[in-house]
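Have a look at the structure below before the remarks.
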Amino acid sequence: MFYREAGDFKTSYEEDSQTFPIKFDRYRYYFVLAFAFAVVPFVINDYWVNAIFMPFLIYSIAAIGLNILVGYCGQVSLGTGGFMAVGAYAVYKLMTAFPEVNIIFHVIAAGGITAIVGVLFGLPSLRIKGFYLAVATLAAQFFLVWLFNRVPWFYNHSASGQINAPERTVFGVEVTGPNTEAWATYLFCLVFTLICAILARNLTRGVQGRKWMAIRDMDIAAEIIGVDPLRAKLSAFAVSSFFVGIAGALFFAVYLGAVEVGEAFGINKSFLVLFMVIIGGLGSIFGSFAGAAFLVLLPVLLKNTLVGGLGWPTDLASHLEFMIVGALIIAFLIAEPHGLAQLWRVAKEKLRLWPFPH
Amino acid sequence: DLVFPSLSYRTGPYAAGGIPFADGYADYFTLLNERDGGIGGEKIQMPECETAYNTEKGVECYESTKGMGSLVYQPLSTGITYQLIPKVTADGIPMLTSGLGRTSAKNGAVFPWVFNFPANYWDGASVAVKHILDQEGGDISGKKIALVYHNSAYGKEPIRTLEELSKKHGYELSLIPVDHPGQEQKSQWLQIRRDRPDYVIMYGWGVMNQVAIQEAVNIRFPMDKFIGIWWSGSENDVKPAGDGANGYKALTFHNLGSDYPLYDDLKAHVFDKGLAAGAGDQHGTAIYNRGLYAAMLVAEAAKTAQEIHGTSQITPAMMRDGMEALEMTEEKMTALGLPKFGPEFTVSCENHGGNGFAAIGQWDASAGEWKLITDYMQSDQDIVQPLIEADSMAYADEAGITPACN
Amino acid sequence: MLDASDEGYVTEDGRRIGGVLMEMKNITLRFGGVKAITDISFDIREGEIRAIIGPNGAGKSSMLNVISGFYVPQEGEVWYKGAKRPPMKPYQVAQLGIARTFQNIALFEGMTVLDNVMTGRLNYMKTNMFQQALWKGKAEAEEVENREFVEKIIDFLEIQSIRKTPVARLPYGLKKRVELARALAAEPSLLLLDEPMAGMNVEEKEDMSRFILDVNDEFGTTIALIEHDMGVVMDLSDRVVVMDYGKKIGDGTPDDIRSNQAVIDAYLGVAHD
Amino acid sequence: MLDAAETQTETLLEVNNIEVIYNHVILVLKGVSLKVPKGGITALLGGNGAGKTTTLKAVSNLLASERGEVTKGSILYRGERVQDLTPNDLVKKGVIQVMEGRHCFEHLTVEENLLTGAYTRGAGKAEIDADLEMVYNYFPRLKERRRSQAGYTSGGEQQMVAIGRALMSRPETILLDEPSMGLAPQLVEQIFDIVKSLNESEGYTFLLAEQNTNVALRFAHYGYILENGRVVMDGPAQELRENPDVKEFYLGMSDEGRKSFRDVRSYRRRKRWLS
Amino acid sequence: MPDQLIYAMEVFLNGLMAGVLYALVALGFVLIYKASGIFNYAQGVMALFAALTLVGIMEGQVPFSHLINAMFGTEIHHFGWHLPALVSILLTMAVMVLLAWAVNKLIFNHLVNQEPIILFMATIGLAYFMEGFGDIMWGADIKKLDVGLPQGINTAIDETTYGWFGYGFFIDNLDIVATVIAAILVIALVIFSQYTKQGRAMRAVADDHQAALSVGISLNFIWVMVWSLAGFVALVAGIMWGTKSGVQFSLSLIALKALPVLMLGGFTSIPGAIVGGLLIGVGEKLFEFSVGPLIGGATENWFAYVLALLFLVFRPQGLFGEKIIERV
């Protein structure tokens, strides 16, 4: 038996409700953290950061945010791209309006602004449910993109309509602008990701999380046992948008550096993040990471093997990449509809029983 | 080896434009390798990376290829260009965006690593108006010109220029945006039908072009008064509309068709050897020629660099010098087997964008081909140059750059 | 008939029943053309076990829904704790101390048993979202405190062993018990049970009966229950309302009901032993 | 009515030692065997989670849609292996299941629900109308509600719809899962009367999972008692009814007759045959 | 009559026509949603795939030629035939049935009884797959599609209205054809789903997979049938839109135009798709015509959604959608 939780008894409720109740898991978590903070920064280069780590970390935040809304509160949203745009433009306006304030606060404030916008667009969720709501959130997506494209104030009247991240530092180290170091941007994003994950975990394990899940599982029953559906849903929209806004802010300021709204925050972004959430596992923080990793890594991996390894023409490779990603999504769903997180859980369950079949 | 990565897009919504360009870009380098053994004796490597016109993939492509010693980037996407401007600047790798990208990058004092010769979006707008002036015998005051544009940063580029020009020439400008992807343009074209503008200028890309041309045919808008930017001037854009599209015009900064000595070489050294890139069915199309032309400019710049620095093994920084000292003359082009293929121009530190020459091509539906109907004309520098100055200086301010030419 | 004076009454087995806790006055509920409830009045007294019976489709569940605020009757008033209850949302009703179980089990399938029961404590948990997000401190303390209470309920209903099981995997009977646990966790003053024993065998019904009686006894919870098993109804309840086609056709002690001819005709079929 | 001696007649359905696993990990049935004779009413009794529903679903091949599978044993219908058939093949062979918990088509009207029951039949309109009339005869309440969406009908009404729908397929064998759940007492009687009359006059065979042991054993010919995924006892209904354990645990009778539910408050641990 | 009013009328009529085209796409969604509760994200890609296949068959393109050429160094592209449109349409239909069969066999048979969002996700996987597959099979370049449908301004209407108002209305012939086809489709589909046994079974399946199985409805059969129907609708939509704009990747994005239509009409209602389409078409065109110029235009994308959203706030299941049953 590889995996044991027997003998790991809890003597207090605090211990019982901790994030990794099993010792083995807890150590693995500490190990990953230590590795991410103490080893990775020293070995990565531009490619790893810009092509893999940064998108992974930022998308993880977005996925966590969306997971709160979709996975925990059951409100399917396709407005993620629009909300990320809010985060991006908010941080841009803040950065250019208050250059003396530290960018950390700008990013957090951008999250806050996005939360407010999220709540506005979440209002209809009280009446509109399921796929109707999903489609309705597209209104946010299209409207916001149109707005940022339309009103020159948002892009400081620049001729091209693009926004460019000016140079900003944290502790004297540049984290945005052209002259950043790989490790610095990586650490900056990593800290945000970690904090967001912890906050999300805290919010979902307690009473707030239960309210959301109750609404998700059966909204009528939830209301009858005392959950105010409007507040629960709006709070989910707020928290979710907060994270998504932070992701959008980092996406623009730290990762891309220059952004055109329709391109970077179009509807594809909304779908992409939703895919991450579903593939990773609805209602699971770990799943958000898994989903983000899956959809960030897989295409890169496929491309590198097909084009780099096998020398296929790029177009064939990328068509094939589409087919493989699609087929994998389906295969995963068939194997385990509840996402990578659940696959992991079942695998653990099997390991625990191993070598016995049941 | 000389590494010229190709960030192409053969998939996604703009594949139809991306494929011929990437093919032309690749075939030209293949030709140099096969026929001349590369440039100055150095073989050319051309790693291709698929971006699907997506900025994030573009970044990934840039990062994954820059380690190979890439000499110059040519992303063929305005979005990716903006992404890469700070990156190439920091990494010291030149970037060429012929007829696209950030217009004000023409100011090499602010954008030392970015080049956009021979013409840019603002030149395009100006040349279009110039053509209209010619058509109307020099007076267009009181005429109506409508701009149908892709509602994105790219599509909005010409607005300022056209506004300035309208002040100068006294025409009336109306703006008609079309949202991505632009499959439905009923309202826009009904509006045009009602307002009856004398001319329509279009800045479109992708499916928007075909639909616009089809709708124009439907409302019987006179095709010879409908002028597209070079990105709205491929065979793909006009063919779906059939005969109705006959007479449609589009700008171009290079010549059209396959009637050049170079094509014989291409046939002998590339096509017939089965080395053609892609499916090999794009030869001679407008955007394929653009790919050839872009590759030719890169190759000539590389040669110039080799001459300047006296070494065949050039670095990105040397490449930049070559680009900055590039001089395209008719002799040079004729020698390359591309007589009259593009405008003549010279590049300098102050001017990374050439001289702003472009010509008008016209679609001949019965022959199924584009034909150049004018000479290369220079854009109205009095209007364009100050705009570039203003925009690049604004950028310099924002990004804290001190413009300098050594 | 019992003497239903304001002071209450004493049951056969000697329990004291208090004053009127909830009173339904002339309730009428329609769905389009369907009249689910027609002009029904009855009361529920403090500490009482009150049964509602009637044929299928009589409007019993609808009545519970009216009580919990999910259906809004077209006519009639609901009085609670001596005051007329203004129109409210179901969650506000829950905050008044009315908890319930559902005819078609309405557990939160995606959560574990423990989480389900903890949802019953929602209205006792007051930390705000920021405290929640920080967790350490207030939020954790509150969680632990409520968890202790919930554990008591879990012990009481003997579902310790399935605490961490997702409810979706549980068999029907256990789900019903978890649902009861959730309702109890809210420490309600009025507990509404909609067919708590449907789909159970005698033994399980005995268990369930025991829980219901214990709740009533130990916590003094007032209970209104709908049930089709006459044995259970007659044995457990203090008073019974009988509905048929949305109308009230009987109200009284089990013995009264047993011998009520209208009830026998409409519902019991044969006189129940 | 058949009696014990006559159950020697043809065995219609035979379940041999089946094991069922859900989700690849949860073992639910641990070797269940039973025989359903033609023209008989066989009851499957047992507490919550004993595996009654699972057994019925295994027979009707509905397990796959719940990520469950039969991993061992065999299921024979008229001597023919039916495990690999699709549920609709089985319905065509005359086996239909009335699922636990009603499972009506919420958005269809009551009448449309009933008509879906006749899906597999190639019968003409007249014949189907006649059957519809028959169902309405059995359940007059449904006739009143025929035009309303099933989702809005009460629990009991839905149960009637589910049973009526199964009858519409003119089956040979009906697998009834907890037909009495949530029904008013006279309706329970009535439904069992219907079962009995269908059994006697039309020769339908029934396999019946029931919690209401009392009624079930009154109407069934033969019974199996399931606990924890195993058959712990079986025998003619008559005998089971007499069995003291059954009496105590399933019928709620003590020697003094029916116990009152009020008297169970004193703690009492149940006896298990196996656990 | 004042000019503005006449123009508005023209815009109105064109809005109706555009709405019909949206509705054609929406219909495919409705069919599949109605029969399985699956929100088929791949509907747009199916239209693209159908159109690609149609062109490919008509022009005698060799499927997978690019792949074959890349692997074997061959140079094959065309079979060299040119099939009549009708034959090609029938052949394409056969391909769509095959696709329906494969989709069910390989995907949805394994996902019976899953939550809607999971099924939705599976269709996303399908969309990815088919996008790559269609491109590999037929190439990513733009293809012209001409099955002989009339296109361009309808002169009769132009002249008549000119006679009336002194301003000729522009109505596209293609739109008129689309309207006729859509009307026929909708009537046929409504009759099918409301009054036939298979239609009833289809709705039953949507409500409860397991219960449908238990009464002997073969999910497999129903789904293959419905996906084939949806494939057929996709083909019709593909032909219409392909004729308008050429057959190419962007065709799959028309799905986005269909979504607000779905919301407005109700996911489950066939007539709803048409009515929703008309409302959206007219609404967005009139808005762009009247308000658009004031706020900078290009409002159509979001306006359709906002219109649908506002509407839903008052009627959460759309105009004709089935009421969401809320009972405890």
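Should a chain be cited, it is by its letter among A, B, C, D and E, assigned in written order, with residues numbered from 1 in that chain.
Convention: a residue touches a chain if its C-beta (ideal position, glycine included) is under 8 Å from a C-beta of that chain, and two chains touch if they have at least 3 such contacts.
Predicted model, so just to flag it, every value in this text is computed and none were measured.
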### Query
For subunit A and subunit D, what is the smallest step count along a path of chains that touch one another?
1
### Query
Given the touch definition stated above, what is the smallest step count connecting subunit A to subunit C?
1
### Message
Taking each chain's centre as the mean of its CA atoms, which one is most distant from subunit A?
### Response
D
### Query
Based on the averaged CA atom positions, which chain is farthest from subunit C?
B
### Query
What is the distance, in whole Å, between the centres of subunit A and subunit E, each centre taken as the mean of its C-alpha atoms?
32
#### Entry: Between subunit D and subunit E, centroid-to-centroid distance (C-alpha), Å
45
### Task
Could you tell me the distance, in whole angstrom, between the mean C-alpha positions of subunit B and subunit D?
75
### Task
Could you put a whole-Å number on the gap between the CA centroids of subunit C and subunit E?
50
### Query
At which residue positions does subunit D touch at least two other chains?
26, 152
### Message
Residues of subunit E that contact two or more other chains, please.
### Response
66, 135, 140, 296, 298, 301, 327-328
### Query
Can you list the residues of subunit C that touch 2 or more other chains?
61, 70, 102-104, 106
### Interchain pairs in contact, sorted by label
A-B, A-C, A-D, A-E, B-E, C-D, C-E, D-E
### Partner subunit D, residues of subunit C touching it in the complex
13, 31, 34, 54-58, 61, 103-104, 169-174, 195, 198-207, 209-210, 213-214, 228-232, 235-236, 267-269, 272-273
#### Entry: subunit A contact footprint on subunit E (complex, rising order)
39, 66-67, 70, 106-107, 110-111, 114-118, 120-122, 124-133, 135-136, 140, 256, 259-260, 262-263, 267, 295-296, 298-299, 301-302, 305-306, 308-309, 312-313, 316-318, 321, 324, 326-328
### Query
In the complex of these two chains, what residues of subunit E are touching subunit B?
7, 10-11, 14-15, 17-18, 21, 65-66, 69, 73, 75, 77, 135, 139-142, 144-146, 151-153, 170, 172, 241, 244-246, 248-251, 253-254, 257, 284-285, 288-289, 292, 296-298, 300-301
### Query
What residues of subunit E sit close enough to touch subunit D in their complex?
112-113, 197, 200-201, 203-204, 206-218, 220, 268, 322, 325, 327
### Task
Sort out for me which residues of subunit C touch subunit A in the complex.
68-70, 89-91, 93-95, 99-100, 102, 106-111, 115, 118-123, 125, 127, 129, 132-135, 139-140, 142-144, 147-148, 151, 182-183, 186
